Amino acid sequence: MSINSYGHLFRVTTWGESHGPALGATVDGCPPGVPLTAPMIQHWLDKRRPGQNKMTTQRNEPDAVEILSGVYDDVTTGTPIQLMIENTDQRSKDYGDILNTFRPGHADITYHQKYGVRDPRGGGRSSARETASRVAAGGVAREAIKALAPNVQITGYMVQMGEKHIDRARFDWDAIEGNDFWCPDAGVVEEWTDYINWLRKDDHNSVGAMIEVVARNVPAGIGAPVYGKLDTDLSAAMMSINAVKGVEIGEGMAAAALTGRANADEIFMGPNGPEYSSNHAGGILGGISTGQDIVVRFAVKPTSSILSPRASIRMDGSPTEVVTKGRHDPCVGIRAVPVGEAMMASVILDHILLDRGQTGGVRGKIG
Amino acid sequence: MSINSYGHLFRVTTWGESHGPALGATVDGCPPGVPLTAPMIQHWLDKRRPGQNKMTTQRNEPDAVEILSGVYDDVTTGTPIQLMIENTDQRSKDYGDILNTFRPGHADITYHQKYGVRDPRGGGRSSARETASRVAAGGVAREAIKALAPNVQITGYMVQMGEKHIDRARFDWDAIEGNDFWCPDAGVVEEWTDYINWLRKDDHNSVGAMIEVVARNVPAGIGAPVYGKLDTDLSAAMMSINAVKGVEIGEGMAAAALTGRANADEIFMGPNGPEYSSNHAGGILGGISTGQDIVVRFAVKPTSSILSPRASIRMDGSPTEVVTKGRHDPCVGIRAVPVGEAMMASVILDHILLDRGQTGGVRGKIG
Amino acid sequence: MSINSYGHLFRVTTWGESHGPALGATVDGCPPGVPLTAPMIQHWLDKRRPGQNKMTTQRNEPDAVEILSGVYDDVTTGTPIQLMIENTDQRSKDYGDILNTFRPGHADITYHQKYGVRDPRGGGRSSARETASRVAAGGVAREAIKALAPNVQITGYMVQMGEKHIDRARFDWDAIEGNDFWCPDAGVVEEWTDYINWLRKDDHNSVGAMIEVVARNVPAGIGAPVYGKLDTDLSAAMMSINAVKGVEIGEGMAAAALTGRANADEIFMGPNGPEYSSNHAGGILGGISTGQDIVVRFAVKPTSSILSPRASIRMDGSPTEVVTKGRHDPCVGIRAVPVGEAMMASVILDHILLDRGQTGGVRGKIG
Amino acid sequence: MSINSYGHLFRVTTWGESHGPALGATVDGCPPGVPLTAPMIQHWLDKRRPGQNKMTTQRNEPDAVEILSGVYDDVTTGTPIQLMIENTDQRSKDYGDILNTFRPGHADITYHQKYGVRDPRGGGRSSARETASRVAAGGVAREAIKALAPNVQITGYMVQMGEKHIDRARFDWDAIEGNDFWCPDAGVVEEWTDYINWLRKDDHNSVGAMIEVVARNVPAGIGAPVYGKLDTDLSAAMMSINAVKGVEIGEGMAAAALTGRANADEIFMGPNGPEYSSNHAGGILGGISTGQDIVVRFAVKPTSSILSPRASIRMDGSPTEVVTKGRHDPCVGIRAVPVGEAMMASVILDHILLDRGQTGGVRGKIG
């Protein structure tokens, strides 16, 4: 039991602090024989990287990943893969004044209470920088999925920023890569851009976001009832991301308002197997994939690191006001998109392996 | 790694099918020296028990729990506690016609696809009856919490049924035990009763629900970043319950719409330690408890077992219509209340033990 | 992490005390589709059962196993299998006088020290009776192996009792089932019988034993370096059996005395793949099976429950003498034979499943 | 479940290949507040380091450890500690000819069979070089033990090399650090030195060894029955070390030859608690520490990498002879001494933490 690990057979342990020498992921359980190089992983880290656009923090680091083990001649060997990202831009003096102060809405106070000691530089281990490790590990998962279930496609995108929602009628998969928000509705981009610029420069504020991640072409039959259900593991995976406060599968919280007649996805026999009239279930029944799209949504709270003063206390209990001057994203949800994709990829791969171990991939015949 | 288990140090494995000889929970890791008897656990099972009121299924079983191990002279010994509930009312003929049919919205089809074989009687392992095991295990957790952190109070209740919401202004802790919905707003009970009766008798339909579970007086400092965060584990715990499709901590999905200024819970020094101006965080920062109320909500979808016909297929792929005539709750969310409480209790105890192991309960001084 | 569990994918949790209502095993991870009935498991329990012959304790219980879950129509469903054995002969008054006394060489004192409370009846959880649960679970493992790797044969036998050794030149597989010692050398049976009768009746003493367990026809390639090596897991499995104090693979402790030239098993190409000139390695290289016989030996210490008085103390610290009058085997090693087989079966199955999950059963080509 | 990990609460994952860029250990679960610096760990690596004396391989690397995370201001923070050792002396051309050849007694053939692909340079992951990671992690464990149970002393030493044994009558703790064999009997050092020199230079051979590791002053009450017994975990820990083929606790395999009267350690009340007349049990009863010395022995087989030719096959199945010309120890058992100590330290710390979590350190009163 390692508390800094996730996964059953594809097991990832992330390590590292925001301003320590390096951070990374120890990836155990990747199948052997998967083609893997550092640039394949770098691709996904670049997607997450801060300083990519004006929407995200100005911290400018290459976030260059190195593979230290587990790969020989550009192929995985089945042994642990160590991924390391050196921290090159560690301007820790920015954070000098928060050593003795607890930022409201941050983990400063609880880490102090729990451990009695903490690395205060940039939030230490509680920094969103930890998610770079996940994105790197997710890159490994993607390559392994490519080898085992090549049709699977995993895509994340923003569907809401603050009170602004996308128009589902304008949903366009191809729009996602074309804007700084990973937004599938090109029609909102200009308004969102203006809003976020105003937030940062004028309002000295930040805002929350809603991310949706979809896995298409996942074979039916993966997922492990009762406590390793696909939705259980996806929920844990997303909720473990910094600042996430809610997770939904398919209808999600809205399922509470539905009736049984409305919610049941009716089943028909298609040419290649069962088909469904709808996907309220989000591609999962009883914790097991149906073959439909797997649909997960999660809410990212607004960062508490803002230029507006908030009341707080110091370690000695004295009152103070906190204004965070460091480099911070007005909407951390943007960078959560590739993180959510990485977690989805890790969970999907994990369950492909687990199902292979548990059932040998037997499938009950239909038709 | 057991897929039918949850918890780190307080580890519960549930077992059993809806219509097999028995079901139960193997509870490993309960601390020694905790007073425990079968009636203490029975109390919580009775709360969940079907046939308790008109709102829930007419299946009438005593659900009597037996303690087969781990307790001597009414005190836990630190060895595994086996809890068994015999199935006495197994009218499996009710289910004869669904042997070859997949009920829409049920796990029938995915269990068949994954395992190639399944126990079709009453949904087998995928039946909500599995949650009786959790409630029994949660009863053990409650007694252990009582011994280790006696002020902790764990309470669940319904806040929404279908499109009907409670009025938070009328919230009353004392109302919860006084109605069949575990509803904290006595003002809605009559309307909800009429609605659910109409649903079942006239509309042949079912409806979803939203449950909230609160843990009060949990000490600050429990929770294990990064992948054993308190919110991560609570999310997995709730999402593993049958029919749950979404989980929220504190603000939950609504956090996406907030700004940083609005969302930050400001900190003040109180007479007994830090206090907060609000609880958007739901009592958890960075995965660690703040000492505030821990607030979790989850959505339960409407059961698909309804008297209204839905299109489906048989095992041979031929089309059919499914009408479920068995004994089923029009709102399974009602019985999810004690289940949610049980999962909360298990997670809280688990993290009290884990924190004790990892940090020895050191706490950083404030003030 | 459950401390009363073993296995990675085939995960067994044993529960129950010597004189509680029942004991058993919760078996999670058995593949679906395996034919399984109670009599199949009973066969192995009968082999272990006390009261079978004069060599073992006179406690006379049927040890009848019931399958409470995980099996439908005599086939496993992939859900947890609960195996229960009721304790029917619980003469706990035999043990009344040891409530306050610590038997030398027993876990009485350490359980008391660790937990502060213990079930003293028959040794409670530390009784060798716990191994009945393992034998039951091992019966499940054997049936699953039969389905997945039908040529595998697992056989245990005694090679030493006290200072008496078998003559390896007379080794005969067929002799094993023909005597009360599971001894492959029929030539020693008479002498061993006389010795053990004298030990019990005249010498009021007990004696240790050495058990060897061999798995034949295990396919090459199972075993998971570095910390799930086949020899590592077998070592843990055997050392967890009551009274075991040493475990050897292949040459075992004797490897310390060998030179590299003598110890290396030379490799030749046979008609069906690699063959070896010898099997010093015990069928395992680098933790992975070679396809040769897997050979494990373990030493069982003599039971401390003897009629001869030994010095000890009471709970209050006062000195006393302990004479154990209960029903105890003069050589517990005899009943350890089926237990060792059960552990071997569980480990082999576990690694067949694990290898399937991790590598998909790919095998590097030779020749 | 990570197969490259060990430990329950103190969880170590080792990673890295013999001739890759680096190797190391990801240490999760070290308590916060423990003073820790790289030189503290380096001390133990230097003890293991090759090239230290003529007895061990001439590969000359500094084996300098870096701490990449988990430590702030020279104190552990409770977050994962990443330890990295760069490989600086990677003369992989030495191994060019073994790419297609399987060395007898090595894991070359089984890694190839299992994974279909392997890093052949220096044995890749199956090299004894992996144990450097364990020694580094063990250094962390030692510092944490120093903080939690300062009287504990962990010491390993050689008691046998080939057929040469120490004379227990001359056992001297102080002699251990004074010779190249970590031998407690100074009287055998000259003879052993001559023997090993002859083995390497003249006989082109290697030899096995027996190592004993003792932990003194371990408090009574740690160890977790039934499958996390102290002896179970120690057995797994030692058996996972390269080339180990047997493990003993206390009397070990010799227990098979003893009678119950001889083997029972009688109990007396001493001034500070229970005392024992002897220590046949090796300080462990029922898997729980008694407070006596914990005594473990393990046998290390002779390395198969020798200058004498042995028959083998190539990947294409053709016969060949293998002579290993690389830099190899004639007795790998020597370097196994600090490795055994490291594993003992890791297990002891792990169980101190686990006991704290499970029982809160309650202890039953005696006297």
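Per-chain residue numbering starts at 1, and chain names A, B, C and D are given in the order in which the chains are listed.
Everything that follows uses one rule, which is that a residue touches a chain if its C-beta (ideal position, glycine included) is under 8 Å from a C-beta of that chain, and two chains touch if they have at least 3 such contacts.
The structure displayed is predicted, hence computed values, not measured ones.
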- What shortest step count links subunit B and subunit D in the network of chain contacts? 1
- A-C versus A-B: which has more C-beta pairs touching? A-B
- Query: At what distance in angstrom does the C-alpha mean of subunit D lie from that of subunit A?
  - Reply: 39
- Task: Quick one: report the Å distance separating subunit A from subunit B, using the average Cα coordinate of each chain.
- Result: 26
- Quick one: report the Å distance separating subunit A from subunit C, using the average Cα coordinate of each chain. 45
- Note on the structure: Multi-partner residues in subunit B (2 or more other chains touched) are 1, 3-5, 8-9, 14, 29, 32-33, 78-79, 114-118, 125, 225, 354, 358-359, 362
- Residue set of subunit D touching subunit B in the complex reads 1, 9, 29, 31-33, 78-79, 148, 225, 353-354, 356-360, 362
- Item | Interfacial residue positions of subunit D with respect to subunit C in the complex | 1, 3-6, 8, 14, 102, 104-107, 109-118, 125-126, 130, 160-163, 199, 203, 205-210, 220-229, 231-233, 235-236, 239-240, 245-269, 274, 277, 280-282, 284-290, 297, 299-306, 308, 310-313, 315-319, 333, 354-355, 358-359, 362-367
- Touching subunit B in the complex: which residues of subunit C? 1-5, 8-9, 11, 13-17, 20-24, 26, 28-29, 32-33, 66, 68-70, 72, 75-82, 84, 114-119, 121, 124-125
